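Chain naming follows the written order as A, B, C and D, and within any one chain the residues start at number 1.
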Amino acid sequence: MLNMTQTDYQEIFQTIASELENIDDPGEVATYIPELACVDPSKLGVHLVTIDNNHFAHGDSDEKFSIQSIAKVLSLTLALEIVGEKLWDRVGVEPSGSAFNSLVQLEYEKGIPRNPLLNAGAIVVCDILVTRLKDPKSDLFEFIRGITGNLNIGYSQRIAESEVQTGFRNYALANLMKSFGNIENDLESVLGLYFNLCSIQMTCKEVAETFLFLATNGINPVTNEKVVAPMRARRINSIMQMCGFYDEAEEFAFSTGLPGKSGVGGGIVAVHPGKFSIAVWSPKLNEKGNSYKGMKVLEALTTKTQSSIL
Amino acid sequence: MLNMTQTDYQEIFQTIASELENIDDPGEVATYIPELACVDPSKLGVHLVTIDNNHFAHGDSDEKFSIQSIAKVLSLTLALEIVGEKLWDRVGVEPSGSAFNSLVQLEYEKGIPRNPLLNAGAIVVCDILVTRLKDPKSDLFEFIRGITGNLNIGYSQRIAESEVQTGFRNYALANLMKSFGNIENDLESVLGLYFNLCSIQMTCKEVAETFLFLATNGINPVTNEKVVAPMRARRINSIMQMCGFYDEAEEFAFSTGLPGKSGVGGGIVAVHPGKFSIAVWSPKLNEKGNSYKGMKVLEALTTKTQSSIL
Amino acid sequence: MLNMTQTDYQEIFQTIASELENIDDPGEVATYIPELACVDPSKLGVHLVTIDNNHFAHGDSDEKFSIQSIAKVLSLTLALEIVGEKLWDRVGVEPSGSAFNSLVQLEYEKGIPRNPLLNAGAIVVCDILVTRLKDPKSDLFEFIRGITGNLNIGYSQRIAESEVQTGFRNYALANLMKSFGNIENDLESVLGLYFNLCSIQMTCKEVAETFLFLATNGINPVTNEKVVAPMRARRINSIMQMCGFYDEAEEFAFSTGLPGKSGVGGGIVAVHPGKFSIAVWSPKLNEKGNSYKGMKVLEALTTKTQSSIL
Amino acid sequence: MLNMTQTDYQEIFQTIASELENIDDPGEVATYIPELACVDPSKLGVHLVTIDNNHFAHGDSDEKFSIQSIAKVLSLTLALEIVGEKLWDRVGVEPSGSAFNSLVQLEYEKGIPRNPLLNAGAIVVCDILVTRLKDPKSDLFEFIRGITGNLNIGYSQRIAESEVQTGFRNYALANLMKSFGNIENDLESVLGLYFNLCSIQMTCKEVAETFLFLATNGINPVTNEKVVAPMRARRINSIMQMCGFYDEAEEFAFSTGLPGKSGVGGGIVAVHPGKFSIAVWSPKLNEKGNSYKGMKVLEALTTKTQSSIL
């Protein structure tokens, strides 16, 4: 990776942004939740923060968006801190080769989800949090806010309600796991937490800052406080690398070379261990369900800065 | 089939019963619903009624038991009367080759159950009844009671509640179908009706009388009233023949040669078109989920009376 | 079933034939084997033979056609005679719910085919014959010819070769079963026999006569010689009823009510135990792979003669 | 990653080796090919070569072993050079979530393998080579030998023959793909090349040297000749990272953090882009089919040298 100055980055961001303006975005905004369909599809934000706390931003990077599945990494982080490697008794860590909400593998494998970033896996993680936390919702938000000390992070009540009303597939996954004994608590509590989690709203800046601990062996580099042990940060990075992009994991590894996680709200976070974390937001999704322009921005950036790790 | 007198039948039943006494029943009473586990496993009842209204009974044939999935044939009968062949837009009619509550095929086939005697298929049938009936529960019971004019047919509230509390797999099936748009009504109404249906209690005599219309081209032979059109009776018989015994359909066709339907309460009903209907009850189930002794009784009976249709 | 005279049958066949002339046949001749694609699609033959040796025929009933999968019943009959119920250690007897040549179920179930009328099941049956017969091909043909004493039954060398050259799916099935240890002999011998079997050619008259033993408890009614034990005949009938029509088993049971078996050459055989056997041939297949007009003829015939057993 | 001297490495290797001596290896030598079962299970070799051509070795690093699936990366490299990105029309690039030789996904996805490191995918790659090379076997070996100019690389005729005789599953995969039209050439040629490929024998030193071009953006650092374009090297690395370890991809990414590929002969190769390539060999496999001690060596090494890229 090259040594980069503020000017270098501004120039690179500028170049990438100009290049993207000439691209016809063939993607589609997610519509399965009515609230998501309302977002202005032309939004584009980028925010990169280095481990020595230099910030580089572009476009709508200070606007809140629905981070959706990106949040699954944060609930996983908390659950891992609480129960440690015992978590893997109830969730696998391997890529699934199936759709993110498929029930087939879950039935064949007796209610054990393939990994914690699939819907089923994230629901099991929520079940663990419901069991172990005193007040699951507020404790989870306290943890997330505490990573960077940002009290401004919250969720959209309207999106959470929208998820409840349309989340039949998630109810099916949760009931199937319950029938196998892999959900301990009542489903309303577990899915209530899950839908809140998916409805978290952040800006690109907030996402990049929140995920920076994964680039620093688990330390918040601003406060120097430990978020997780180094081994945990590495585990989460390897899970993101293998399972963070649904059926486009290899494509992302190839084009960008960084561990990361996408959400159907059009956000993507990626981490370069030892260097930086970056968040991108552009609402239109490619056919695999990942932000079309978000992927392009990250590909262009890692190419121009030679920061792929592969 | 031989011509049989009352004495002949009594003798045959006596012989079969003596033979069964010497058999060690390797089956197990169903325990997935606590209420079912309480039944006395030694119960054995048989009741056969011919189309000219001769009755032959043995053992505990006048004791109520939980007919469970046998009732799916009755809801199917009513739904077919109401919507006719359009029903097949939403449910298939072929054997599934999978477990009765599998989600795999349901996901691959986009929420269309393979046949109406699988749990998923019976849930779609209940959804249709909820849409089309004014007061689904009481209208369905009125229909069932009306087949023979027996007002004594009801369901066990305790079993129905037990089903609700343990029916996670059924909730999973219903939610999956809802996500594919194959359930129109809210799930509580649909599954409420479904669990009531599965909790119906009848005696062997009542089951045999209720199913006799399938041996008479759709006519109640006592009152001479039409229950369904002849073509419908034939359709229901062919569905029972192909799909009535989970993964033991061929075995039942081979050993007994009659269309029929089993339930996890240990009941089996079978129909010889043009001759008779018969109900057997013995709570211990073989490993395929069908009454061990019930199968033996029917096999012995059709052999001794030469009444197999194959 | 009504009592029918020669005149009655001629009249009924005539009526059915006239009705069919006005039907636009939407079916397609099978083309996966070039040789099959050459058949005149307008051919239509019917031949019914009763257990007291009365014959009723119509159309092209004396013309040879490729009986294809119908022959699987004959190899099964011979294998059952040789190894008896031990056969079921290596093949199941239940409907599959999958395509006739699917590998999915075969892999999940560790190389044990669901039933002997699927391609995989018929290949295992051929493997058993290769193990147990001195000269498998000629012994099998001797058995088939011996059922009725008809020395005129043979197979098409060109179709057999065509099957070899295009039968990659069958090679895949056989290799998969071999990898699970469910094929004992070398694949060329086993598939060689299998492809010969599928290439047998018969007329409708020959098919009806050959299958008559299944209507007579296993006896050749002309010579009074035993072909198989009564229990075997019943087993074969129940397997045909459950598994004889691919994904249209219930439909055939409903419309015709008889056990039977179809082939992609456009032939169908059906058996009414205690009454008759019947063969129909019309090359154009419906989308489920069964003869479109063949199904219609059998449906019309069983309706007009009231000979459905359901 | 730390700067390391020759002495440092020798010390680290020594420490790791001593640690491993005290470990009870629960793995099993692969036995599905008789020839593989004959290998001395106590063998352990390591060879690391840096991009500036420094070599560090330990144990049996100069002994030939059967590299098995590791060779799939080399055939893929050649095929990518010949047909470029068009390769992805016939093979996917995503992890499969299934066993390396499963037919299920292959049937559902109509003969398109999930990735080129699964058996099915490597067979398609061989088919492409058979189509495009004049003399496939010798041209492929010329390419492999040419990467480092090592004329000493060959294959074991006995293992190749052993693979042919026991490779029923691979024949099943190839026939299934042929039935879908995804194999162009006759199967004997394609599988002949495939079995030769899997029977390649190399020492740890040879493997490490051969794979070094993936750490150097596609350049042979000794001769400075281009093996592949930088973009190709990155693609191959990302495919190895996602798909190189069967059902243990995330585990390897977590513990080692490097792209790599294992073989059932007990070999593993891993690449640190910009730094080094390393080969390990220890014949006993864990239950996921990867070398038990090989994984331990690489984990210890990347930990001690801080060379994980995650």
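Following the convention adopted for this analysis, a residue touches a chain if its C-beta (ideal position, glycine included) is under 8 Å from a C-beta of that chain, and two chains touch if they have at least 3 such contacts.
For clarity, every value in this text was computed on a predicted model and none was experimentally measured.
J.: Given that chain A and chain B are copies and touch, would you call their interface same or different according to whether over half of its residue numbers are shared?
T.: Same, since over half the interface numbering is common to both chains.
J.: Please compute the C-alpha centroid of chain A, do the same for chain D, then give the distance between them in whole Å.
T.: 32
J.: Could you state the distance in Å from the CA-based centre of chain A to that of chain C?
T.: The computed centroid separation for chain A versus chain C comes out at 57 Å.
J.: How many angstrom between the C-alpha centroids of chain B and chain A?
T.: Comparing mean C-alpha positions, chain B is 49 Å from chain A.
J.: Touching two or more other chains, which residues of chain C qualify?
T.: none
J.: Classify the chain contact graph as line, ring, star, complete or other.
T.: It is a ring, because the chains touch in a row that closes back on itself.
J.: If you go through all the chains, which pairs of them touch?
T.: Pairs flagged as touching, ordered by label: A-B, A-D, B-C, C-D.
J.: Help me check something: in the complex, which residues belonging to chain D touch chain A?
T.: Its residues touching chain A are 93-98, 105, 114-115, 234-235, 237-239, 241-243, 247-251, 253-254, 257, 259, 273, 308-310.
J.: For the complex, give me every residue of chain B touching chain A.
T.: 102-104, 107-108, 168-169, 171-176, 178-179
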